[in-house]
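Next come the structures, one after another.
Both complexes below contain chain A, partnered by chain B and then by chain C.
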Partner chain A sequence: MTYFFNFEVIRNNIGLMLGGLGLGLCIAVVSLFFGIILGLFAAFAAVSSNPALGRLSSGYTALFRNTPLLVLIFIAYFGLPDVGIIMEKTTSFIFTLSLYAGAYMADVFRAGLQAIPRGVIEAGQAIGLTRFQIRWSIQMPIMFRNVLPSMSNFLISLFKDTSLAASITVHELTYFARKLSVETFRVFEAWLTAAVLYVVTCYLVAYLLRKLERKLSFG
Partner chain B sequence: MNFVDSLFTAKGALLTGFLNTIAASFFSIVIGTLVGILIGFVITYGNKYVKIPFRLFVDMMRGIPGLVTLFAVYYLVGFLLQGFSIRMTPLASGIVALSTLASANVAELARGALQSIPKGQIEAGKAIGLRFNQIFVNILIPQAVVQMIPPWINTASEVVKGSTLLALVGVSELLLTAHQMVATSGRALPYYMFIGFIFFSLNTSIQYLGGFLEKKIGFQKR
Partner chain C sequence: MWGSVLTVFLLETLSVGCSYSAAGGPQSSKLQKVLGRGKLIVGTGSTNVPWHFKNEKGELVGFDIEMGRILAQALFGDPNKVEFVEQSPDARIPNLLVDKVDVTFQFMTISPMRLQQVAFSIPYYTEGIGLLLPAGGKYKNYNELAAAQRRGEKVTIAILQNVDAADIVQRILKGAKDDQYENQGLVYQAINSRRADAGAVDLSSIMWLASKEPEKYLNSGFSVNPQNYGAAMRSDDQVWINFVNGVLLDAMTGATYPLYNAAYAKWFGEQLPAPVIGKPSMYR
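Right after this comes the complex of A and B.
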């Protein structure tokens, strides 16, 4: 059996695929943003002295880390309309991915907060800072600097997870690759292009984030 | 028909779905681990030219989303087997895709674990006259295994979670079974939450098992 590569179809649709890639990146960044906010609340709850808050936070992280993302996506997109919460598919996906990111970020931040030496916080207390000031201007800057590498790794993993949006027909890269491979039978070309685009983007994003990290960590 | 009754009515389908999930996860973990460890060895101890293709494979696989790998395997296999009398079930394609993913992850773990063992230990082994295979079996493997277990448990739980992707290529595992039940009942939330709960319990048990294993083996290390 011979197969003749023909990238004509890909050439004609590369705009759509790149657009899908861009949408995936946007979804990942937006979800990370919301995830960071959620994660901060959950992390401070986890290290707080209130046991109820701590349990709530660890329940949240365990729930979202031990349930497959695809099931969560289906619960949000197909299940929530049952109770009257109807969201557009992209919104619903961002909603799910943000909650998911929040759970992972919470664990990362918690570890980052616990790594801060006790003395630094006590120093803040000694000079009369309020609890909020200690959190905002002492704990958070130190923590963020320490967890930057984990955050950028997670952004890349979130970007890869945006491919799951294809399951609820969000028009991102995997959706177009599947569409092309099914409709035009250029199976090799479609998946090869998608794979290359993903790999290149991942390494590009990783490279840029490493540069950013280096800049920020000496700031 | 209420939710619990409908679960009982569909218990056959649910059991099949559960078994498919377990089968896909189990075989992918086993194959992925064995292949991954082999690749890890090659990357750590192989010569420059043998190393390159495997290094490339691992780096590529870590950049491609699991779903893309799965779709690529599924559609490519379907395409290549066109006109042949051989058929590959979606489950088989799924296992191929999941084990490929797992093997890339395990290869990285194995490489990390093997490289973290100080060179001096290998030299010490040589100095007392051990052959490479003896050094390997008695010095490197025991330490590498202890290091690999915690992240390996994570990989296993990733594979279990990843097995839900197989629903998208038509393997009737748990998620697809739920999807079909939703289609007949018209209600979605309870069924998906039920499936979510099964996966949550499955993964939580894996984590516990991992913690237990770690304690057991970590103890021997001392």
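Right after this comes the complex of A and C.
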């Protein structure tokens, strides 16, 4: 059986696909930003001396790390309206992805915090820094430098996860690839193009993040 | 060697001759074969409400199943003298061509491409795309939805992502926003969770859902994109085709109309009127 490729439909719709790719990247970055904030709170709660905070943190991370992301997306998009919480679909997806990212970042940050030598914190206490100042000026800069490679990898993983937004009709790359394949029957061309765009974007993001890591490690 | 060849040849000729005389002609109609067999074999599916699906007891039920039983009733006076062969949609034509089934009732759209391979009966249902509304939602019917659109309110219609999905939504309501989901279940979820104001789905499914779950769903009363469903048969047996057509015609417009009307009411929730006496209804 001979298959005849026809990339004309891709050429005619590349603008839509690139737009979808851009939206996916934005969603990943915004979700990671909110995820970092949530992760920091959860990580500090996990290492705090307050057992209630510790239990809250471990409950949050267990829930979001052990539930498939697609299930979380559907609960937020289809389930929350039943209890009166209605968000626009992109907002709903970013909300879900941020909570998901926060759970993963919490573990990464917790490990990063626990890797900081105790002596560094005691030195801060010795010169009279407050708890907040120790966290903000000593722990967090060291922690971020240590966990940057993990965060970079997670950003790429998060970007690939944005393909699940197509299931709630967010107009990102996978949504347009599926639309194109269904409308034109050019299944192979549509999905091959989407795959290439994802690979190239992930490669570029990884390259830029590696440069950032090197700059920060020398600085 | 030549003796063996001659013997085989004579035996073959004898067997063909016997079957020829038993059949009573060059190729007897499927009608005689089915009558001689004592049961009808119908190809159908098992996963589409309200056409062909399994109930809680695992029994095959639905409107297509009823059509098979109407044919069995006409053949044997017994609607249960029928065997249903479950088949996937892409097996509908091949199973007919190899005589695995006598006829297929499987919500099959009559189309020119298919007519090149099989024959179709007269239509026993005309499908369309309708609008499913959530019961207790903002809009009670299509007119209210259209009025809202005219006022400039944002109207969202959920639809299965497929060819012409966006065009279909514009045909239903120009200016409405389409949310295209990858499977039908998500379309219903969108309606249930008020993510969409309405869902564009098969009208038969709407009629089923509105009749079985009126507390959840409403039929907006709108439909578009008509397409006819017919029973598919082999195209080389005019006697059989005529018989099936005659049975369906009588069930829809003649003496046996109660059978068709009862099936229609059961699966689509609508009571059809009795055929009008006088000039046959299809010519009015």
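Following the convention adopted for this analysis, the second predicted complex is superposed on the first by the 219 of 219 C-alpha atoms of A that agree within 3 Å, B and C clash if a C-alpha of one lies under 4 Å from a C-alpha of the other, contacts with A are read in each partner's own complex, and residues count from 1 in each chain.
Simple rule for what comes next: contacts are C-beta pairs under 8 Å (C-beta built on N, C-alpha and C of every residue); 3 or more make two chains touch, one makes a residue touch a chain.
Predicted model only: the values in this text are computed from it and were never measured.
Asks: May I ask you to name which of chain B and chain C touches more residues of chain A?
Replies: Of chain B and chain C, the partner in contact with more residues of chain A is B.
Asks: Examine A:178 and indicate which partner it touches, taking first as chain B and second as chain C; both and neither are also allowed.
Replies: both
Asks: On the A-aligned overlay, A:187 touches which partner chain: chain B = first, chain C = second, or both, or neither?
Replies: Only chain B; A:187 stays clear of chain C.
Asks: Thinking of the overlay built on chain A, is A:78 touched by chain B (first), by chain C (second), by both, or by neither?
Replies: both
Asks: Just chain B (first), just chain C (second), both, or neither: which does A:169 touch?
Replies: Touch status of A:169: second partner only.
Asks: Quick check for you: in the superposed arrangement, does A:154 touch first (chain B), second (chain C), both or neither?
Replies: Neither partner.
Asks: Is A:109 in contact with chain B, with chain C, with both, or with neither (first, second, both, neither)?
Replies: neither
Asks: On chain A, which stretch or stretches are contacted by chain B in one complex as well as by chain C in the other?
Replies: Common to the two interfaces on chain A: residues 74, 78-79, 81-82, 166-167, 178, 182.
Asks: Could you please specify the touching residues of chain B with respect to chain A in the complex?
Replies: 59-60, 62-69, 71-72, 75-76, 78-80, 83, 157, 160-165, 167-168, 175, 178-179, 182, 187-189, 191-193, 195-196, 199-200, 203-204, 207
Asks: For a test of understanding, state which residues of chain C touch chain A in their complex under the given definition.
Replies: 161-165, 179-182, 186, 189-190, 192-195
Asks: Give every residue of chain A touching chain B within the complex, in rising order.
Replies: Interface residues on chain A, with respect to chain B: 1, 62-63, 65-72, 74-75, 78-83, 160-164, 166-167, 174, 177-178, 181-182, 185, 187-188, 191, 194-195, 198-200, 202-203.
Asks: Would you mind writing out the residues of chain A in touch with chain C in their complex?
Replies: It comes out as residues 74, 77-79, 81-82, 86, 89, 166-167, 169, 178-179, 182-183.
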